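Two complexes, one shared chain (chain A), two partners (chain B, chain C).
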Partner chain A sequence: MTTATGRSAGTGADEKPEHSADRTRRFGPGTPLRAAAGFALAAIVLFAVAPLVLGDFRLNLLAKYLCLAIVAVGIGLAWGRGGMLALGQGVFFGLGGYAMAMHLKLADAGPGNLPDFMQLYGQIDKLPWWWEPFANPVFALAATVLLPVFVAFLLGSLVFRRRVRGAYFAILSQALAAALAIYLIGEQGTTGGTNGLTDIQGFFGFRLDDPLNQRAVYFIIAACLLLMLALVRQLMHSRYGELLVAVRDAEERVRFLGYDPANVKLVAYMVAAGMAGLAGALFVPAVGIISPALIGVVPSIEFVIGVALGGRATLIGPVLGAIAVAWAKTTLSEQFPAAWTYLQGLLFVIFLAFLPNGLASVAGLVRRRRPAPADRKAAQPKSVPLTAETGGAGQ
Partner chain B sequence: MSTQKPAGLRIRDLRVVFDGFAAVDGVDIDVSPGDVRFIIGPNGAGKTTLVDAVTGLVKATGSAAFDGQELLGRKVHHITRLGIGRTFQTAAVFEELTVLQNLDIAAGTNRGLLTLLRRRKSVPDSVAQAMETIGLTSARDRLAGTLAHGQKQWLEIGMLLVQDAKLLLLDEPVAGMSQDERDTTGELLGMLSEDRTVVVIEHDMDFLRRYARTVTVMHAGRILSEGSVAEVQADLKVQEVYLGHAKATSQALVQEV
Partner chain C sequence: MTLVFSQLFTGISIGAVLLLIALGLSLTFGQMNVINMAHGEFIMAGAYTVYVVQQIITNAGVSLLVALPVAFLVAGAMGVVLEFLLIRRLYTRPLDTLLVTWGVALILQQLARDIFGAPNVQTRAPDLLTGSITIFSSGDGNDLMVANSRLFILTLALLAVAALTLGLRMTPLGRRIRAVVQNRDLAAASGIATGRVDRMTFFIGSGLAGIAGVALTLVGPIGPTMGTNIIIDAFLVVVVGGIGQLKGTVIVAFALGMMQSLVEYSTTISVAKVLVFLTIVAFLQWRPQGLFTLRTRSLA
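Coming up: the complex of A and B.
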């Protein structure tokens, strides 16, 4: 969690600190110029390099990874900066995904028709009332983000005011993810059950089996990712971002300054939920399916693993971590399907034990090692943002 | 800094009970506006619990009012917003934030959402002034966690300054400080008390003799004695309690007489 890494934003490159005091200003505002350069570089990679280098299949995979990265950006804010180990982001990802998929299914079926799966095994002849508003594209699009935000608001209001935190918060989130998945499986007639909502053909009038349209979907996702990064960067460097770190490290102390920490946490949690919802919505046209298996306990944990690997308190760390984990999963599970799960667990343990600040802290460690070993030693404990609470929950 | 009229603290029949044990057992205290009141007493006398009750950290019965406003039953952050500030025995600053950020957060209770969501463009005047007062201007961009113990305590006092608290409750502000640091803290205390009401919990008798205006002695959850420094030192009950409980402190007390 150094400013250097926070600052390098999109670059992850080799800028050097202006002077040694720079290290102590880790939460200090990053220079806008450097951030702009980082975003420009990220935009070039996402919009020019990747489409040129990757074939249709790989680009589509990248689109999927970028969706997971959007979830990770939100978790980075809620967990890395706010200390809330959000182990149930699958709930919000699922709400966003299902909201989008319901609209697309209805659009595929055409006005007045039932989606195909309802005709198959629904034994119903009328669209359930809660499906109806999703026929409206504006409502559905708004719901992909606002529904998760609203649920996070209800949940956060209850949980944070009762001072549920740390491992308890993580377990509660996890249980919700499990509950939603189980509910969806149980309601096969109206939600598609275990299969989920599949075989989605069109996306607001464009056919999704057209590679050109798939590219367009990729570009939309990449643009959303950059937008979310900019949003979280603004939040991190704002006064609110400083307050959020204060709440993370000493929640009780903040009360004695006249703030209600529950509200501070609630905002970050809602933002993270909204991002997960958006990611879920974008995931549907990219992959063509949303199902309980994609939003339950396991995917919720996978979201967090990527963030932990990348560096949860940094801006770019969660993005890189999420992409790396998703990529490794695809590549390795193609060759060693059984080994991936174990490897994933091993990675998680190794990172928590030896690199608690994730990949993003490697640059900082190397830089510190070079000038003066003693200096690095002195600065190292400070670079560990784990409070007892989040640390305990993280394991 | 503050232009408000100083106001006083009025505590009536305050009781705090933990599992049947009365840590504070029916305490009446009046601290008049502008006073510097020291609360002393043996360990376990209920001094910190009293402050915890007034600031909303523990549940209490009875009444504690400041400036006519009842404090008991309100939430911690609401009590703070009524102008009550406190420090803790162990300095509680945000170690991962800089001195400037610590103070800026303390100064920002009344900021609107839009201000919060923007970056700090410049250092607020009250923050700059407080940094000057507590002598940490040159440490502006250092992480609070890297400060020396005394500096952390001053940073906490600085946070009270920018918070514009009207009643300050300081829990052992000079514990673990060197003599020089104590002197500086004493000067800060003098400055703070100019337009605020100050309550200090302290064990250090030398510090008390130099900076207290009035003293309350607590023992086993009750008030044992109250008055000026000289009056309290002359009180036989006080001497007795201190003889029975803490020899070193009693000697210090007797020496002052």
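Coming up: the complex of A and C.
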């Protein structure tokens, strides 16, 4: 496992701030100044250009894409930097989304009343106990992030500590997504079943059908995305970030150096889960619905393709990739659903089999004007003999 | 009493289906460490093979018998093509293989939709397999009935296991496959064409998916997404059973089927799914490498 992702996603070493002599310029890639300029540019685009250029409908779509981009930032950290292919991010997205939607449904219904769908499906005349705390806005808001983080902590500490990793971890996280989606569909009376929680009217006292309020929701989402980018940027450039890349590339070596790789991975997984939860919570006011179809196995894998497209180990790549994929999906799937499925399949094949570092590697190649593969090979020793035994098989 | 037995048999037949699906995976995933998400689509190809064969041969019984080897070849050929074009390049990157084959799965699903249409298609089961036999007569109408189709699947699964076990143990190809699994470099140094062995392993593993697809036509609908729905359970079976261990796959398939059936009976399907998942996570705490493990001296 360690050798495998090491070779496939090995741009980690390229971005360290001052390790190579020719990059000590103050405005070189990875320097704080450069990062600040990047953030300023992103902020201008998100807060000034987009609202001016796009109409209400398009801006709302962009808000939805930005939510998916927040998930992608988290996956970029866990997968690109940490080597953990989190195929179950839909679970955390869903937990955040449902936590938010439950509160908004209760707020819509008013105190003492049941949400509309519970009355519709009959049977239930009293609010289930696990719905009750979500009437409290503070609890609900905290739960959107803390609940996914907690679930990630439970699963991660069980799984990573027993050194279940690589493919095994991917399959387990995928099974978790399947289990949650099936559970939500089965418990129709209390979860809304296949339809999910729909028809959400208000957002903490503001009506969501007002275009002005939708605009405000967009700004909140954009601000959250920038915040998350800043957080991950700091993580990547900290000692922890270096350790995470080290665990990805040679877990056993890190273990022999005295660190516990399980903890290192756990933190990245929890951060990614928290981001997915936040994204799910923000998705609800932007789109007005959360349903099992948005959180099962298929959407969970779809989160990943944007990250792969943009470049999994980079900071901005996953964001651009997620937005591009979501945009392509909306544009194409309306008119040519078949074409979109083919294209999506091809994207997976092309970007994972032939361009594992995504479009970012193409950009890097052009910028540096030297062959990237050779560079990568030099930066990383081919394999660790001890784990080469298993052929990087992800045991 | 009848109820217990009928639940037990439901469990066994769920297990038999799981086993048949997981058997191919235990070769491609278990022996070769390739996570082929398109395995489910090979199953779909096997099921559609029955449909196509029935368009030509109208006798349901004959067409099923013809479809079995044809489905094996069709799915096996698809597997070889996939191995040759993509997977061969990705042996060192298992996680990327997972996503690449997911992309292939999407393309195959859409192909099926374009060729056969999005709605499910129907096949006819032979008369012999549509009835059920009474195993235990209690006299008060609560007889224990076992569907013939379920018995057929169970037999097919056990036959496949036997054939695979003997094949791996007795035949020259089986010996080569085991050699490559245990030590690829040494096998290559001993003059085994590892690339060709890989392709054959993949052919057999994918072919078994085709067989599973034929069996599934007897118990469920045939549609473009039929593969996706079952593939994750099958992967769990292989993970829990232990990599490269046929007996682990067999035991775990039946155990999971049994558990699913019993929990489902006492609660609901949705709760059963969640409980089974939690049990698997708990089990991996106890045995992270699966039920049976190959002893190696590697750290990972």
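Simple rule for what comes next: the second predicted complex is superposed on the first by the 337 of 395 C-alpha atoms of A that agree within 3 Å, B and C clash if a C-alpha of one lies under 4 Å from a C-alpha of the other, contacts with A are read in each partner's own complex, and residues count from 1 in each chain.
One rule holds in what follows: a contact is a pair of C-beta atoms (placed from the backbone, for glycine too) under 8 Å apart; a residue touches a chain by one contact, two chains touch by 3 or more.
As the structure is a prediction and not an experimental result, all values here were calculated from the model.
> Between chain B (first) and chain C (second), which does A:Asp108 come into contact with in this model arrangement: first, second, both, or neither?
neither
> Just to be sure I read the superposition right, which of the two partners does A:Leu243 touch: chain B = first, chain C = second, or both, or neither?
first
> For A:Gly166, is the partner it touches chain B (first), chain C (second), both, or none of the two (neither)?
second
> If you stack the two complexes on chain A, which partner ends up touching A:Leu347: first (chain B), second (chain C), both, or neither?
After superposition on chain A, A:Leu347 lies in contact with chain C alone.
> Go through the superposed model and pick first if A:Asp116 touches only chain B, second if only chain C, both, or neither.
neither
> Note which residues of chain A are touching chain B in the complex, please.
Result: residues 21, 24-29, 234-235, 237-240, 242-243, 245-246, 249-250, 253-260, 382, 385 of chain A touch chain B.
> Where on chain C does chain A make contact in their complex?
29, 33, 35, 86, 89-96, 98-100, 102-107, 109-110, 113-114, 184, 228, 232, 235-236, 239, 243, 268-271, 273-274, 276-277, 280-281, 284-285, 288-289, 296-300
> Considering only the defined contacts, which chain A positions touch chain C in the complex?
Listed in rising order, the residues are 1-5, 7-8, 83, 85, 87, 155, 158-159, 162-164, 166-168, 170-172, 174-176, 178-180, 182-187, 251-252, 297-298, 301, 304-305, 308, 338, 341-342, 344-349, 352-353, 356, 386-387, 389-395.
> What residues on chain B touch chain A, complex-wise?
By the definition above, chain B touches chain A via 55, 75-77, 80-81, 85-86, 92-98, 101-102, 104-106, 108-109, 111, 115-120, 141-143, 145-146, 159, 163.
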